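In structure tokens below, several structures.
Two complexes, one shared chain (chain A), two partners (chain B, chain C).
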Partner chain A sequence: MVSREDEIRLNELENQVDNGGGGTWEYLCLLRKLKLRRSDKVLTHGLSLLNDPKKRSALAAEEWTLYEQVAVAAMDCQNFGVAKDCLNVLQNKFPESKRVGRLEAMLLEAKGSWAEAEKAYSSLLEDNPLDQAVHKRRVAMAKSQGNISGAIEWLNKYLDIFMADHDAWRELAEIYVSQQMYKQAAFCYEELILAQPTIPLYHLAYADVLYTLGGLENFQAAKKYYASTIDLTGGKNVRALYGICLCTYAIGQLSKGRNKEDKDGSELQSLAATALEKDYKYRAAGKLSILTSTLRGLKL
Partner chain B sequence: MKRSISGESMQLCTVHTSAVNGILIGRLSAVNDVVEISDSIPLFHSQIGLLPSLEIALMMVEEYFSEKGLSIVGYFHANERFDDVELSNVAKNIGDHIHRYFPQASLLLLDNKKLEALSKGNDRSPVMQLYSKDSSRSWKLVGADGSSRLTTREPSANIVLLDYISSKKWEDLVDFDDHLDDISKDWLNPELFK
Partner chain C sequence: MELGFVAGILGVLILSHAVYSTIQYRGLLKITEQEFSGPPMNVIVELLLGLILCIWASLTVPGKFKSIHPDSKENRIVSLTANLDFMIFNHRGKAFPSGKDLKLKH
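And then the complex of A and B:
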């Protein structure tokens, strides 16, 4: 979840760096802070910094962080030569380091040497059973090998210990969705909403899962969470506005003949439809007529 | 099929860290029972198993193309992992959903390995696998000797695709997910192949 300002700054820097305008270190720091995956760029630009002795020494102690960042990016791009080179530098500088040990295990993982990587991670965990990063690498490895049930099991075990790790809950929810295990995904989003009730992303994702599960109660609940998303985002979230329209229609289909929900439901749907039409008129006028026909199809 | 293949495969390159999917547009040719795929709309690169955005996408895509005498003729899917060659349940379910609208609908699964091998060989065959629904109502892989075949209209399709990949054209591709995040982005990608 990247804020608007961060996204703007990131794009600015990326443009600048791609066109040789400097700001590489700031760009790389921002990527690290936002935990974004742009490994090809990190590799290219990070390497150019590292290969320039003057720029490297200007980094002082941060030099080692850069080696780490480039090593991981290299692994992601399957460039094992560069990864190994970076690792060698770090090994020389920090011979007994657990952090470097983790990178070594990651390199094994990146190369697909699953058994050796597993051994390395297990031994790291023996020394430090609370190393969150290593726990998560194990989940990632299971995923890479296509062992989704293994990944789910490991991730659940991880969350038993580190139940405040919101990223992990999100990852688990997304894995459940990819396996169409919607009830389990719903549970994850419920945990997230309990922990951080003002984050609209969780309300939206929860609503999407409820809608997918289907059934009158779930449609009604989904509608509430689309509504809270709209509340939390000042009415700007297009997906939530569409969600209201879809839910109202679905509820109407299921409760045909019963008059209870009609008035409330249709008012909210009209408001959502109006908001969408207004937005499209200003920002996507070419699609306005398609939107209007689509919305017409969703009215009772 | 030229534009079709390129569009879909490019979409894969855009977000190569997750599964992606798309809808195939075309028509049933009156002439010889051929389904001509003329276009494809890239759909999602996240949370593919969720219904709301899929339903909206299908409605809007159908609305747009029916005015042009075209309809949804199939579904395209690319798996997250390079070595995953299986048709997932999610892909099958979405395929089923589309099949209800268009009984001739087929399912295309990107062959990751073939895509990667493009730069090394002279393979002119499409980089995807064709699945169609058989009498048992399940999706079956169509072999080269089957009664259905997937062909590209232009023999140079793969060369064009390689070119698009190396020039990083995928960075400009807009899918439906991008549109929902920012409606000023156009899922029709009008400028992309000019």
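And then the complex of A and C:
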């Protein structure tokens, strides 16, 4: 999870590295730690490190992880020559390694030879049927071939065995949302929130799914989760603020005919509206008028 | 920073001196066969002084403290990781290959 100070440090390093300053290795380590996908930058800067024999020897044992990182980035940038070269170096160093075998299968997958990649993954799984990474790569392969239902099935089987894998739950939730199967996506997000309750972005995504499902209880639950997102981000998340306003409006629309309950929520809505206006005044003053007219329309 | 360090060392020295004085005082009391009710007044003053110096040093030497709150300005989570385990290579970037001329030189 990328915190604000991580993001600031990352942007600093990126600027520094792009403009020719040092700090390439620190930048690449930070990318590896934060698990971000900046393949073009990794490729250019990683290769500049690897092609320079002095800098390479300065890395000592870490150079193999750098080879792996650059190989994956090269596959992502469709530069299969570099990927193959890195893999050859790794193969020479670690001849019987599963990790290198996985990278080879990934290269086949990236080139588009699905059948051979499937064979490679199956053989890797025969040796070790509980290899998490290979299972996940098979799901990714099904997804990239367009076989979404197959991917869902494989991922469900994987999650039956490895229930604690947050990345897999997140992937399943996103696949369900892309297929508009919102009830199942809500279940996945519930699992994620149970496992990692301090990450506000899961609360936000869950609230979005609930709001999309609609219905009075879902709107009320969505409002609660938008509120918890605001709590966890210290009020800086604009989407959650908008979510509160829209949920209050939707609840008001639905319960128009029924008896008006105690409006303790209206305080929340006016606070959210004030926070939104303050944020817009600070960051996008030109759009403040659009915001005020929208909010006025919502309060009816 | 150095002042905090010096204050810390001084505080530890004062505390150890207070310990030594107390042990000597007890030895003296044993000789004169009196009961040991508590360390003498000057040792207590020395203890308090050593305590204040050590606390001050331990707060200033480590530098800036990080915030505990998950929603503080530095700690709040801005974005999620990119879920690299499920990365697919069949994306639109195929049409714009970057770094095509880059090579590994050995």
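The working rule: the second predicted complex is superposed on the first by the 296 of 300 C-alpha atoms of A that agree within 3 Å, B and C clash if a C-alpha of one lies under 4 Å from a C-alpha of the other, contacts with A are read in each partner's own complex, and residues count from 1 in each chain.
Throughout what follows, a residue touches a chain if its C-beta (ideal position, glycine included) is under 8 Å from a C-beta of that chain, and two chains touch if they have at least 3 such contacts.
Every value quoted in this text rests on a predicted model; they were computed, and no experiment measured them.
> Between chain B and chain C, whom does A:Ser144 touch in the aligned arrangement: first, second, both, or neither?
In the superposition, A:Ser144 touches chain B and chain C alike.
> Check whether A:Asn51 is in contact with chain B, with chain C, with both or with neither, and answer first, second, both or neither.
After superposing on A, A:Asn51 lies in contact with chain C but is clear of chain B.
> With the two structures laid over each other on chain A, which partner does A:Lys119 touch: chain B (first), chain C (second), both, or neither?
It touches nothing on chain B or chain C.
> Which chain, chain B or chain C, ends up touching more residues of chain A in the combined arrangement?
Greater contact footprint in residues on chain A: C.
> Identify the partner contact of A:Gln180: answer first if only chain B is touched, second if only chain C is, both if each is, neither if none is.
Only chain B is touched by A:Gln180; chain C is not.
> So, does A:Tyr280 touch the first partner chain B, the second partner chain C, both, or neither?
first
> First (chain B), second (chain C), both or neither: which does A:Gly297 touch?
After superposing on A, A:Gly297 lies in contact with chain B but is clear of chain C.
> Between chain B (first) and chain C (second), which does A:Lys157 come into contact with in this model arrangement: first, second, both, or neither?
In the superposition, A:Lys157 touches no partner, neither chain B nor chain C.
> One more residue to check, A:Arg99. First (chain B), second (chain C), both or neither?
Neither chain B nor chain C is touched by A:Arg99.
> For chain A, what residues appear in both contact lists, the one with chain B and the one with chain C?
Residues 37, 144 of chain A touch both chain B and chain C.
> Using the touch definition up top, name the residues of chain A that touch chain C in the complex.
Residues in contact with chain C: 1-7, 34-37, 40, 43-44, 47, 50-51, 53, 70, 72, 74-79, 81-82, 85-86, 89, 106, 109-110, 112, 133, 136-137, 139-141, 143-145, 167-168, 170-171, 198-201, 231-236.
> Under the definition above, what is the set of chain C residues touching chain A in their complex?
Listed in rising order, the residues of chain C that touch chain A are 69-90, 93-94, 97-100, 102-106.
> Tell me, which parts of chain B touch chain A in their complex?
Contacts found on chain B: 17, 19, 46-53, 55-56, 59-60, 63-64, 81, 83-84, 88-90, 93, 179-181, 183-184, 186.
> Quick one: in the complex, what on chain A touches chain B?
37, 144, 146, 174, 177-180, 182, 205, 207-209, 211-212, 238-239, 242-243, 246, 279-280, 283-284, 286-287, 290-291, 293-294, 297-298
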